[in-house]
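Below you'll find the structure I mean.
Labels run A, B, C, D, E and F following the written order; every chain starts at residue 1.
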Amino acid sequence: MKQKYWDDFKVGDKVMTRAVTITETHIVNWASLTGDWYPLHVDEEYSKTTQFGGRIAHGPLTFGLAIGLMGTADPNPFGDSVVAWLGLDKLRALAPVRIGDTIHVEAEVVNKREAKRKDRGITIYKYVIKNQRDEEVMEFESSFMMHRRQ
Amino acid sequence: MKQKYWDDFKVGDKVMTRAVTITETHIVNWASLTGDWYPLHVDEEYSKTTQFGGRIAHGPLTFGLAIGLMGTADPNPFGDSVVAWLGLDKLRALAPVRIGDTIHVEAEVVNKREAKRKDRGITIYKYVIKNQRDEEVMEFESSFMMHRRQ
Amino acid sequence: MKQKYWDDFKVGDKVMTRAVTITETHIVNWASLTGDWYPLHVDEEYSKTTQFGGRIAHGPLTFGLAIGLMGTADPNPFGDSVVAWLGLDKLRALAPVRIGDTIHVEAEVVNKREAKRKDRGITIYKYVIKNQRDEEVMEFESSFMMHRRQ
Amino acid sequence: MKQKYWDDFKVGDKVMTRAVTITETHIVNWASLTGDWYPLHVDEEYSKTTQFGGRIAHGPLTFGLAIGLMGTADPNPFGDSVVAWLGLDKLRALAPVRIGDTIHVEAEVVNKREAKRKDRGITIYKYVIKNQRDEEVMEFESSFMMHRRQ
Amino acid sequence: MKQKYWDDFKVGDKVMTRAVTITETHIVNWASLTGDWYPLHVDEEYSKTTQFGGRIAHGPLTFGLAIGLMGTADPNPFGDSVVAWLGLDKLRALAPVRIGDTIHVEAEVVNKREAKRKDRGITIYKYVIKNQRDEEVMEFESSFMMHRRQ
Amino acid sequence: MKQKYWDDFKVGDKVMTRAVTITETHIVNWASLTGDWYPLHVDEEYSKTTQFGGRIAHGPLTFGLAIGLMGTADPNPFGDSVVAWLGLDKLRALAPVRIGDTIHVEAEVVNKREAKRKDRGITIYKYVIKNQRDEEVMEFESSFMMHRRQ
């Protein structure tokens, strides 16, 4: 893992990840792991009667995959810089993700600031998740506590 | 599933969920499904050298389980009211969740407002996730588009 | 979890659960977890030559999902009443469950009796599992040891 | 797969399977796949307060594994004889299965009879599931529709 | 498990396993467990542009399933003879395995020799994996350290 | 994904991957997905009686994880260079991997040659897998068909 520090991140730094096709398996495995069996995701008969016309991916699944995709971008944007994940702001589900859609993440550093401890800093990435038609399906801002050079 | 509408939710409504013990299995299965193999979650040797002293649960795993736990509360707070998940605000990871910790959710309606469409409304729950020592490990606000009576 | 006792159950009490669509993923994951790779469930070429014309869900998978669906009914029929699962009688696989079928459970208390211990009672639910065409695909009787008021 | 017919089974035929150690992973994966998150299986804090003193395996998990273990016995008791699983009778959960217990199945043909169709017959196996201390933890009778020689 | 020794294996012994249909679920679960998200396996949009015209199974998944299939052949070719898996030679991926293909293994003992310890011997199986059109999709030689009669 | 060609690889190029801790979950999930329930991996009682003193990871699991770890090295050694995985040679299981061991891969290009097609080339990596005590637990050579500049 590449040694990397808060000092190495700049507002405007951009990352483009690989893509993954969302399958029925992802949805069933997500419902399984989290216990979220809301019918819109696991009951095709019900889902056909909704505005979506069929089962869609859980929004939090799209979020979870986005976090994973960032960590396998090449080169890895984080290296070993991250001390802890601080949280999330302004997550918006913008469009449904359907079985067979292929999503990737385009992220950008939108903010960075010093932390209380001198050996730490905070970096905020904005994630935009797009499907194979280049439509934005989700966006959020994710904050990371990072190691800082001394 | 119980018929329920936006009109049935009131600011101050409270939900207390069941609890689940976070196991090594949850962490490995989460890393598997999302692709997030950050060493703090999957490399015990590395994790022992961090401030946490060992592997901790991915923050987004805690979030995902919180969403799932709410959907299995008794009675189910949502019934069939939810049209779509709109998003998330102010998610904060407050304390690490370790293997063996047992978490549950305490949620409360903190906001509701009309939507553009007359047959829809928006309800915002604040989730607070606590461990077996009643320590807050995460909190966030989650927004739902709901059906509205006409 | 709602406090509930054996005393609160009455013969004739009915429960209707949510539904879940059985996918190829459920079948593969079931074969994986239990080790039951009988060709009728995992070998499409073989299954095409049988009377079923293709892979069908393992009967025990349908049973397992029925147990799970009951636990997420709204309101939860059991609350915290169950001390232990005693067993099962008269389970009958009545019709094949195919990939894409959507099943739910309709259950009814068919028997209850005192247990040896004064603080316990036994309640028997009959489960009927139906698909999206309202055909019965399985039925069984499930016995639970429950806490009793004192 | 060995060609085998109903005619080849005799009352008194015995099968002894391999064994498998029940792990926390089996319990979490079972809860995941079936949606059965009853606290006795997934909430260690609650389970410690029960007569069991900790989480125990879901009874249906023990049953599911028993079905799988029979299918990998050597030689395979069924070969390609099974047309369909008919059902189950007299399943009794006799003792808790705890994390770390190792279970195997001892089965015996206890009944066989002709079916309505001349090319079919019914065979009933009694399964007894034992742990590493040779204690019976579950038993049931399982009925199979089989091909019959002509 | 049948008692079996190195002495019981002969060059030329043949094994034919059951078959399994490779599903999208296998591919997603493999990517999940091993972390191998190479786009040819998980990104349908990218895969459509390759010579394969769509996602194909990971070669190592085909290998892993071949190992598993051998262990459930009837009768089990190994019994309890295996002390340890020594390794692999000459593995060749010969043709792509696509979603929906059904594969089985035909194996043959191609070599056996004494080990240094008098109570051990080495047996080498050549595995040939074929699909439902009887095309060879993979082959390899696998070496096992076995118990030897004394 | 970084554009990369066969021409960019040189004999002697080295890669060091991240590490992952092998858990009971990995072993159970591997047994599940591949169907390899050999008792040395899933039966603790049996395994205690062997020279290993307890369950060990399946050798092919170590191999599968090694493949996955290489694909998440930083920078990614392959980029989008790989057309197809050709196969494997000289895989040797050198030492057992136990629950709790943490493994990583050190790989090196040991051979490259032109392919028949002018727009393709073959690259061979030697993988050495080490545990947290820097002991070699497995090694193999893996061959890749790659795109070549024109």
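Assume contacts are C-beta pairs under 8 Å (C-beta built on N, C-alpha and C of every residue); 3 or more make two chains touch, one makes a residue touch a chain.
On a predicted model such as this, the values are computed, not experimentally measured, just so you know.
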Checklist entry - Expressed in steps between touching chains, what is the minimal separation of chain B and chain F? => result 1
Checklist entry - How many degrees of rotation bring the Cα atoms of chain B onto the matching Cα atoms of chain C, given to the nearest 5? => result 180
Next on the checklist: So, comparing C-alpha centroids, which chain is the farthest one from chain E?
Outcome noted: B
Item to check | Duplicate of the B-F contact set - from A-C, B-C or A-D, the pair where over half of the pairs recur | outcome: A-C
Checklist entry - Roughly how far is chain C from chain F, going centre to centre by Cα mean, in whole Å? => result 42
Item to check | For chain B paired with chain D, centre-to-centre distance based on mean C-alpha positions, whole Å | outcome: 36
Checklist entry - So, what's the distance in Å between the C-alpha centres of chain E and chain D? => result 28
Next on the checklist: Show the residues in chain B shared as contacts by 2 or more other chains, in ascending order.
Outcome noted: 1, 18, 20, 24-26, 29, 32-33, 35, 37, 39, 71-72
Checklist entry - Tell me, which parts of chain D touch chain E in their complex? => result 1-2, 18, 71-72, 74-76, 79
Item to check | Of chain D, residues touching chain C in the complex | outcome: 1, 20, 26, 29-30, 33-40, 50-51, 58-60, 63-65, 67-69, 71-72, 78, 80, 82-93, 96, 140
Next on the checklist: Please output the residues of chain D touching chain B within their complex, sorted ascending.
Outcome noted: 24-25, 28-29, 32, 37, 39, 42-46, 55
Item to check | Partner chain B, residues of chain F touching it in the complex | outcome: 18-21, 23-26, 29, 72, 100, 102, 132
Item to check | Residue ranges of chain D in contact with chain A within the complex | outcome: 31-33, 35, 37
